[in-house]
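Next up, some structures in structure tokens.
Next come two complexes, and both contain subunit A; in the first it sits with subunit B, in the second with subunit C.
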Partner chain A sequence: MRKSLKKILQYAFLIAAFVVAVFPFYWMVVGATNSAVEIVKGKITFGNQLGKNFKTLFAEYDVARIFFNSCKVAILTVIGQLIISSMGGYGFELFASKARDKIYGIVMMTMMVPFAALMIPLFRLIVRFNLLDSHLGLILTSLTSVFLIFFFRQSFKSFPKEIIQAARVDGAGEFRIFYSIVVPSMKATYAAAAIYSFMTSWNAYMWPLIVLQSNQKKTMQLLISTMSSAYFPEYGVIMAAILISTLPMIIIFFGLQSYFVQGITGSLKQ
Partner chain B sequence: MENTTRLPSQDREKRHISAKNKYGWFFISFPVIILAVFMLYPIISSLFLSTMSSRGMIQKFVGLRNYVKLLKDTVFLQALKNTFIFFIIQVPIMLFLALIIASLLNDKSIKFRGLFRTGIFLPAVTSLVTYALLFKMMFSLDGLINKFLLAIHLISEPIPWLMDPFWAKITVMIAMTWRWTGYNMIFYLSGLQNIPDELYEAAEIDGANKLRQFRFITVPMLKPIILFTAITSTIGTLQLFDEPMSFSSGGVTAATIGPGNSLLTMSVYIYNLCFKYMPNFGYAATVAYVIVILVAILAIIQFKLAGDKR
Partner chain C sequence: MSVKCEIGNYAVHSGDKLKKEETVVKRLFSMLLVVCVLFSIFGVTVMAGGKSGKITIWAWDPNFNVPVMAEAKARYQKINPSVEIEIVEMAKADVEQKLNTVLASGMKEGLPDIVLIEDYNAQKYLQAYPGAFADLTKKINHKEFASYKNELMTLKRKIYGVPFDSGVSALFYRRDILAEAGYEPADLNNITWDQFIEIGKQVKKKTGKAMIAFDAADGGLMRIMMQSAGEWYFDKNDNPNIVNNEVIKEGYIAYKKIVDSGIIKKTSGWNEWVASFNKGETASVITGCWIIGSIKAEKSQSGKWAAAPTPRLNLKSSVNYSNLGGSSWYVIEKSKNRAVAEDFLKTIFAADQDFYQKILVEQGAVGTYLPSQDGVAYTKPDQFFGGQKIFSDFSTWMRKIPPVNYGLFTYEADAALMAVMPDYLAGKIDVETALKKAEEQLKNQIDF
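Entry: the complex of A and B
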């Protein structure tokens, strides 16, 4: 009897957490099917404005191009971050030495510095390299993620060293060992890192706001923030834009979800 | 060197070590060079700036005077206070909630675990712009939340969520908790999978209830991960910028950040010093370094706390 009461409480708590977490997503989908007036009124059932909202969105803004911009920046950033950060994590873990551990310490400490502090020197740097208002300026500055270096190093800790030793005895070069033995067997780690990396790049707001200036260069986040600061925000249309910008994240997350948990679990083992 | 004759194997080992060294540098060179240009250079450059006072284009060296000036700057002190309120209230609530949800979800007899896990993590994929917008709409005076609370008769008149200094902070804390609880939960859940079930079974046999199991098995076993999430959350909260900026009406150009500057955090103050008032980059850099110092101090305290309980 007491046991079943406990179970009920357990489910009640989880269901409550689930509803709170998911409701805004439901509302976002519903919102895209309603008009601005209906949204403000608090309507939470499906309407029939979906087609109209999307038509207005695509007529008023160059959404296809902006969506492509976001994809381009995010994909190139993910590729760069995965290659460079995983090499870093691998180097720091498997070739640990006193000097390199000191460098690792310094690298980790940079995590404590707020981005607001880097903004001005970084902006000047971008101007000097002539990268203002370019996607390259965004990609280049985020080619390496300190968090991912840490994450990869933690994950490589559990990689069996005997395999690497055996490959060395067989005469394989260090770089070959890395890309043909280590990388393919750490799929879950790379998938988890890819989700993290895509998420931060796709959702970035502050830095793109500073670097990108012309309308054709904008990303989805900048579009949404422009739309919402309009004098008369068209909420239905905004909800449609939000839907488009959130969908890729949800698809990627669902696609790689099982890897994601596995990857994080792997990095926590010691 | 005690051995005068060198064995061939020693030689090979030495060669091996130097090769190892060479490859070690090769692997870390790419990230280190990029970080040196786009991270270390800006950090050092702003450290220099923090000893300067600048009014527009004119700069002059003031040494540590910027740091002294901070102590008498009432706006800075308010930003410091606001930031700490967020840190002291929001971080523990969020981490505790994440820990509870994770341990409930770790129970293998629960049905639909995958569904719960995915749903609760989902907020972590939304962007700041998106969730700030959604929450601002939901928490407006005639928004969904007020309508709901009125309908269930929990309140008799609408709460001025974003118009009152007290409630504005609460709203931002609710939004942040919504966004980050699932994210932290995933770390705990992963950590829990590394705890052998036998520990819980043994505790069950010994007659320890769920609460005691949580207190004496889950928490101690997860200590390194709790420490990790505590430190990343500390860094995140002390650098809090995006949320207050997007939740305050008028955003970048507004006179105050939140009603009565209630959402003004240290990072927002840095932004204001750079872009809103007559730019004083030197003074802004000083505020940034205060954040670095505070994060370092809090991280050390957290390490100590985690160590002592062991």
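Entry: the complex of A and C
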């Protein structure tokens, strides 16, 4: 009896958590099928406005281009961050020196500087480099992620050092060791980092807002923000845009899900 | 110019070595001068013949300001085909964030030529960034705009913007529900808040419906009440003026009366508020004229609505005309094409009467350019409002709105007053204590 009661309570809790987690998604999908007035009235069942909402969205905004912009920035940022941050983490973990921990500490401390404090100097920098209103201005400024350096270093801690020493004995250079031995065996870590990196880049809002100037350069988040600032927002159309905007994340997350869990738990071991 | 300098330098460095070369350089130099002069004359004639260049405009609201600007752009480009105009759409908060960041960075790059600024925030920008916005006092005939609009964009006797949309407030009500409770439209004309509450009680009694939806955290109603008496949270020197402000006190008391009378439906946030009248749960809405779009969105209520002047406070200074919200266009002083930007605003927003008819019909945008308001669109009966010429009425009311300088911290003051409101409404503190607390809180926040 007691066992089954425990089970029931467990499931009740899980179902409640499931509803809390999934309801916003459900509402988003349902919202995309309803008109603004219906959404405001609180309708949460499927409607028949899906086609109309998408039609309006594509007619009023250059969604394809904006979606491409977001993809371009996110993918290039992910590639850059993975290469640079993983090399950074690897270097910090593997090459001991007197200054290492001090430098590492300083690097970690920069995580605590709020972006608001960096925004104006960064903006001036971008203007000087003539990178205003360019995607390069977004990508270059986010090439390194301090969090990912930390994340990679934690993962590399669990990598057996003997293998690296053996490779050195066999005459492999440090880059060779990194690319042909370490990287291939840390796929899960890279996958987890890729998801994290993609998510932050895809959702980036403040910095793209400041750097990008013209309508053609916009990213999805800026488009959605634009749409929602109206005296009478067209919620149905906004939901349709949000739906499109969440797709890549869903695809990437489910594609790399198994790695993600492995990578996160792996990095915490030790 | 740079070419000329380089040749000049060349002459200095190598001139004393080779005299022949020196004369050649001199000749080249004079030829260049002639070319320069010709170019500048040519350039000037091009400028005089028709405007050219590119102007960038930042605005928010894809259903309102942006299409209005698009219409203005099309009209201006018909006259000046070589002017390129880019309208950059952003959310309102984004426009503000971006403008603040770029102005604070002190860079010339990354700014638009024309920017839309909400009226309540105008002084904040004008005073925080002196010299950032172009003085338009002599460029635009501000007398042709509703006078309350000019006041809010005036700093040290200079007028900085081109007034755009009005938030002239009104008491929008459901004819059918009011009739059921025994009221004629005339009964709602030029009433006080007390009368409004009495009517509300009858409506509640006879129809069971709430008179208005009410969000105790929203300071909009307070702003309507204050402006109806020509007062604001701040005095002429921008110092908080809350404790000894009769108007705010009266407004605060009115808030409590409204809540205590039981005529309200409590809502929270914009969506619930709009839903309350879309669903037909409330008999009236008191807010700015821009709400019409949301009212009309519920097509089944066509013909059932009407608009009356805003209720007034029990004060001699208070009138039945007020305002909520609205925004205006500003030109950036350092803009490369400032002359074109100014000409654009002048030609369309301060002269084109037909333009104002079009944006009223298409976007429901009620402008503040008075000469345009005798036009066809303004004087046409509106069937949704039972054939009432509401825009004509708005136009009349708009002229009588008491001008107010909103100061720098409207939203901060709003938040402070609304933060103490729950305690006052619950009867825990009296009105004097509440206002004292609010003023202290405001002073702490903005560091007076």
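We take it that the second predicted complex is superposed on the first by the 270 of 270 C-alpha atoms of A that agree within 3 Å, B and C clash if a C-alpha of one lies under 4 Å from a C-alpha of the other, contacts with A are read in each partner's own complex, and residues count from 1 in each chain.
Keep this in mind: a residue touches a chain if its C-beta (ideal position, glycine included) is under 8 Å from a C-beta of that chain, and two chains touch if they have at least 3 such contacts.
Since the model is a prediction, treat every value here as computed from it, not as a measurement.
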(Q) Under the superposition described at the top, does placing subunit B and subunit C together on subunit A give a clash or a fit? (A) clash
(Q) Quick check for you: in the superposed arrangement, does A:N215 touch first (subunit B), second (subunit C), both or neither? (A) second
(Q) After the superposition on A, what does A:E60 contact: first (subunit B), second (subunit C), both or neither? (A) second
Q: For A:S4, decide between first (touching subunit B), second (touching subunit C), both and neither.
A: neither
**Q.** Touching partner for A:N48 - first (subunit B), second (subunit C), both, neither
**A.** neither
Q: Check whether A:I120 is in contact with subunit B, with subunit C, with both or with neither, and answer first, second, both or neither.
A: both
Q: Report for A:M28: first if it touches subunit B alone, second if subunit C alone, otherwise both or neither.
A: first
Q) Regarding the shared-chain residue A:L132, is it in contact with subunit B (first), subunit C (second), both, or neither? A) second
Q | Most subunit A residues touched (candidates subunit B, subunit C) | A | B
Q. Taking the superposition as given, does A:M199 touch the first partner, subunit B, the second, subunit C, both, or neither?
A. first
Q. Once the shared chain is lined up, is A:F232 touching subunit B (first), subunit C (second), both, or neither of them?
A. second
Q: Select, from 93-101, 111-119, 255-263 or 291-299, the region of subunit B that bumps into subunit C once both structures are placed on the shared chain.
A: 255-263
(Q) Considering only the contact definition stated at the top, list the common interface residues of subunit A for subunit B and subunit C. (A) 40, 42, 119-120, 206, 225, 228-229
Q | In the complex, subunit A residues that touch subunit C | A | 36-37, 40-42, 60, 119-120, 123-124, 127, 132-133, 206, 209-210, 213-215, 222, 225-234
Q | Touch list for subunit B against partner subunit A, complex | A | 19-21, 23-28, 30-32, 34-35, 37-43, 45-46, 49, 97, 100-101, 104-105, 107, 109-110, 115-131, 133-135, 137-138, 142-144, 147, 178, 181-182, 186-187, 189-191, 193-194, 210, 224-225, 235, 238-239, 241-242, 246, 251, 266-267, 270-271, 274, 281, 284-285, 288-289, 291-292, 295-296, 299
(Q) Residue numbers of subunit A touching subunit B in their complex, please. (A) 6-7, 10-11, 13-14, 17-18, 20-22, 24-25, 27-28, 39-40, 42, 44, 83-85, 87-88, 90-92, 94-97, 100, 103, 106-107, 110-122, 125, 140-141, 143-144, 146, 149, 174-175, 178, 199, 202-203, 205-206, 221, 224-225, 228-229, 235, 238, 242, 245-246, 249-250, 253-254, 257, 260-261, 264-265, 268-270
Q. Can you name the residues of subunit C that touch subunit A in the complex?
A. 56, 60-64, 86-94, 97-98, 101-102, 104-107, 109-110, 271, 274-275, 278-279, 290-291, 293-294, 297-298
